Amino acid sequence: MSGLESLYQELILDHARQRHGFGLRDAPAAESHQLNPTCGDEVTLQLHPGPDGRLAPIAWEGHGCSISQASSSCLSDLAAGLTPSELQALVDEFRTVIRSRGTLEFDEERFGDAAAFSGVSRYIARVKCAMLPWVAAEEAISRLP
Amino acid sequence: MTSTPSIAPAVPLDQAEIAALRERFPILAREMNGHPLVYLDSGATSQRPIEVIDAEHDYATHQNAAVHRGAHLLAAEATELFEDTRATVAAFIGADERELVWTSGATAALNLIAGAIGNASAGLGGAAAERFRLGPGDEIVVTELEHHANLIPWQQLAARTGATLRHLPVDDHGVLRLDAVDDIIGERTRIIAFAHVSNVTGAIAPVSELVALAERVGALTVLDACQSVPHLPVDVASLGVDFLVFSGHKMLGPNGIGALWGRRRLLDALPPFLTGGSMITTVTIDGAEFLPAPQRFEAGTQPVSQAIALASAVRFLQAVGMDRVHATEAAYGQRLAAGLAVIPGVTLIGPPPGTPRAGLASFDLAGVHAHDVGQFFDDRGIAVRVGHHCAQPLHRRLGLTASTRASSYLYTTEAEIDAFLEATTLVGPFFGVSR
Amino acid sequence: MTSTPSIAPAVPLDQAEIAALRERFPILAREMNGHPLVYLDSGATSQRPIEVIDAEHDYATHQNAAVHRGAHLLAAEATELFEDTRATVAAFIGADERELVWTSGATAALNLIAGAIGNASAGLGGAAAERFRLGPGDEIVVTELEHHANLIPWQQLAARTGATLRHLPVDDHGVLRLDAVDDIIGERTRIIAFAHVSNVTGAIAPVSELVALAERVGALTVLDACQSVPHLPVDVASLGVDFLVFSGHKMLGPNGIGALWGRRRLLDALPPFLTGGSMITTVTIDGAEFLPAPQRFEAGTQPVSQAIALASAVRFLQAVGMDRVHATEAAYGQRLAAGLAVIPGVTLIGPPPGTPRAGLASFDLAGVHAHDVGQFFDDRGIAVRVGHHCAQPLHRRLGLTASTRASSYLYTTEAEIDAFLEATTLVGPFFGVSR
Amino acid sequence: MSGLESLYQELILDHARQRHGFGLRDAPAAESHQLNPTCGDEVTLQLHPGPDGRLAPIAWEGHGCSISQASSSCLSDLAAGLTPSELQALVDEFRTVIRSRGTLEFDEERFGDAAAFSGVSRYIARVKCAMLPWVAAEEAISRLP
């Protein structure tokens, strides 16, 4: 797999084109807006309550590169059915791996499609792209009532 | 349209000459991601020839001393070298050396002008500085395509003084709309600040028209020459502006140095901006009197080794000939514009093919974010710039957050331009953008 | 009296260690006027070891690119190198890297603080910046021995805001008079700015006393650490000041770089001073929003190669050990003071022999002008500084226009100190000053 | 002659100690004050009328290094008996030689004791010292009624 193909895995390009969870909804439990100052891209992300005190899929809007869009899309799927503190644990893990400069890999069991982001961790300049929605999720969690 | 003095068409460098020049730039021999480096990011920062790198090295190794204050020989030698660099760089833009002020870069130079005018507006600088005073009702005019460095300092000046900031708009291609000029520039206009060459569109500003308008209404003109001094013959006398700024690192020189040129009678009337050592005559605990320009604006220890390296860069450029540098890059600009314009999905920003532009071009590729475009190029060893290029208002006007820019210099080859154009045709397919 | 954390007495470098260190400094092998160079002007600017010179050379040769805005690998590499330098230099002064702002030098850093407070006082920076607002009735306190760089920016700030500038006086030897403190520092005091080590007297300021006073009245403290960071272990946390500045060229580093350290909550509340690219989040034609510190204060292209060289200088100093550097120079300071004090006609400036001082000493020689003294030294290859050393108020207070200063560094030998002292005994006789 | 002795010739040190013309007088025909910004030294210099429309010895006060003091002292002597335009011509010649970096020498016939300043022209940092009173004389000439 060439460098470029490890970064832009098919799964990532698919998520970037078909953005799961795109579109904000009324009455979120919490919301966060994040801007990536190096590029000017933005995401607005909402947490909505689902059944059993767990979260519904994340709703979001924003614009950015395919990495950030795909990351938001995968995150939307992943959040569904987690408790806020489980989601926070996932954010922490995601950050650890994505900042590892290629020394760590995502666990496919835990991260599903988002495991395709393993290749991003070698591209220091793109780590912020992948992190963008996760930072927003973290802030939104801290704002939950 | 260009206000540069070279009218006779110069001969572009031929590819063999360029190949010989490239030998002087060690970094151009690097490999990136398994490909030879194709460096098309000179608009952000240029590479340095070995002469320039060695000039700084030699100074640090053999001659380093504090200038201007030394009784010892080492300091006297350093002072002389330093003052010679001022003469060299001033001559390069057709200026008197007493009119050239060293700064840490173009951004610092623009802040110096705006900040000194702010000081004058706050009552500093006495009667001589009265002419610079701004207040409510006064207007500062910029253009919609300015680099943030030539925009935010004026926003801050307006906020401090109560003056109003206005702007000359651009059209849907990012080209300055001169039809709007009469509504914007008028009796209230006190300052007109604009880029000689846009770092995004590559367009060359109608300097003489804007200078004529400024003269009619008695406004000061400030020219951001960051993208012109490195690439075109620039002669301050024929440009007719009042102030001009540029940066060393964009013209084969080092980081950490730039210059402000200003008319002497204006510089001598302007209060200082940065204050401290080496810019004073008499200091008491309560107040200070300042030296005339340029020293008045050069507080503290100066970038001596950088000035020496910059002078070496200037000699390198002079040896090649700025008219030939310009002719070479103008041809590259056309090749880039023409090549981009025919690629499916590409929207070229700035002047259409066939109209004058500098040796750079920016574009948008429908459906692919500029950072993804840049990553694709990087994988092939092609270094381009992506983002808003410090020109958010222009991008917003064009409905973009980011674009991709290729910018050339005297060491760029035709083959590199073509490699870039070929890669551009492959980006859409890679990202599955159907067309 | 010193507020540095090193209490355990460190062992000075022995002369063999110094001889080995000197091998790293190519310029020290130079001959001047037929004599080996005796460089006793490190207080003005220090010499650079080959490691530092090469760090810059290597960067320019292999890695140069614009940082922070690049999608390409060259830019990513440069950005990483650049950000690592911040961590290195911040750690050197015990700081968090988010609290370290690059500037072009200490003068620029002091202007940044004073200018940003001026902006806050003009209403920029919103509610967060309110705490910095100065106006009539407020007082800024400096000392009578400040370098012009830590005096004129405060004069200008006072002039712009209507605040009053006051000063702590010195005694007849140029030593700070702490007995006057209670009359000067009080409820109206908003800022206390002072030098950690005086570049003329070599005295070390009573930092903890002044910080305690500032805390009592709620004033901000600004420490000019130009002559301390290069020569003593400095730890911002134990100093307790709010802001601190220093210059790279005085600590084995290159020209064109310096730093401002500030407490994070203060830096984040302070409006920017220089504005332009790379310090914003969102820019419209009418206004801009700024990044948090440190980027908020780093407008435009940064001194990247200089930061890389400075980090290399810091590693050099760390390898020697700042406590040992300090111990070595403290001994030289005593040797200088004791040696000068007994030469007929010589008046030593600053602390008397036996009291703590840095590794420098200034003096007046009755009947011989300092520039003539300096010329005499120069003829023997001894480089000292003569003049007012950018401290005119201090010199005026001492009844002098100029003095002669010898200043040492880690590469200075005892033999050099003694050669200087011996030469000093010969100056009076040469100029026929009878005694 | 060592470098230092060519700079500080005996004549120069004598003039620096015994400053001819030192002390200002009432009612000058013209006056100038000059400051050397690199060192902060100053001179105040007066032109006084002598017989036959010619100048009296120059009167001056100030402080500075031995070069500047000796230069003022020599200039005071030289001006006596010259017309203002003859003095101006001398100023121009002095400037040319002193700035010649050791390539020119002073004509002893014309410059008398001031010919001892030939050695100064090789010391770039000291040229300003020697020039200080001459610049003041030039300004004073331009101010003559």
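Order as written gives the chain letters A, B, C and D; numbering starts at 1 within each chain.
Quick note on the criterion: contacts are C-beta pairs under 8 Å (C-beta built on N, C-alpha and C of every residue); 3 or more make two chains touch, one makes a residue touch a chain.
Keep in mind that what you see is a predicted model, and the values were worked out from it rather than measured.
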| item | value |
| --- | --- |
| Comparison of A-C and A-B by number of C-beta pairs in contact, larger one | A-B |
| Euclidean distance of C-alpha centroids - subunit A vs subunit C, Å | 46 |
| Inter-chain centre distance, subunit B versus subunit C - centres from mean C-alpha coordinates, in Å | 32 |
| Chain centre separation in whole Å, for subunit D relative to subunit C (CA means) | 39 |
| Shared interface positions of subunit D, touching two or more other chains | 38, 40, 123 |
| Overlap residues in subunit C, where contacts from two or more other chains coincide | 33, 69-71, 75, 280, 282, 371, 375, 386-387, 392 |
| Which chain pairs touch, all of them | A-B, A-C, B-C, B-D, C-D |
| Footprint of subunit C on subunit A - complex, ascending | 35, 37-38, 40, 123-125 |
| Contacting residues of subunit B [partner subunit C, same complex] | 26-27, 30, 32-33, 37, 39, 41, 44-45, 47-48, 50, 52-53, 56-57, 60-66, 69-75, 104-108, 110-111, 115, 119, 122-124, 142, 144, 147-149, 151-153, 155-156, 159-160, 165, 167, 247, 249, 254-257, 273-278, 280, 282-288, 299-306, 371, 374-375, 377-378, 382-387, 389-390, 392-393, 396 |
| Residue ranges of subunit A in contact with subunit B within the complex | 2-4, 7-8, 13, 17, 38-41, 63-67, 123, 126, 129 |
| List of subunit C residues in touch with subunit A within their complex | 68-71, 75-76, 79-80, 280-282, 291, 295 |
| Subunit D contact footprint on subunit C (complex, rising order) | 33, 368-372, 375-376, 379, 386-388, 392, 401-402, 430-432 |
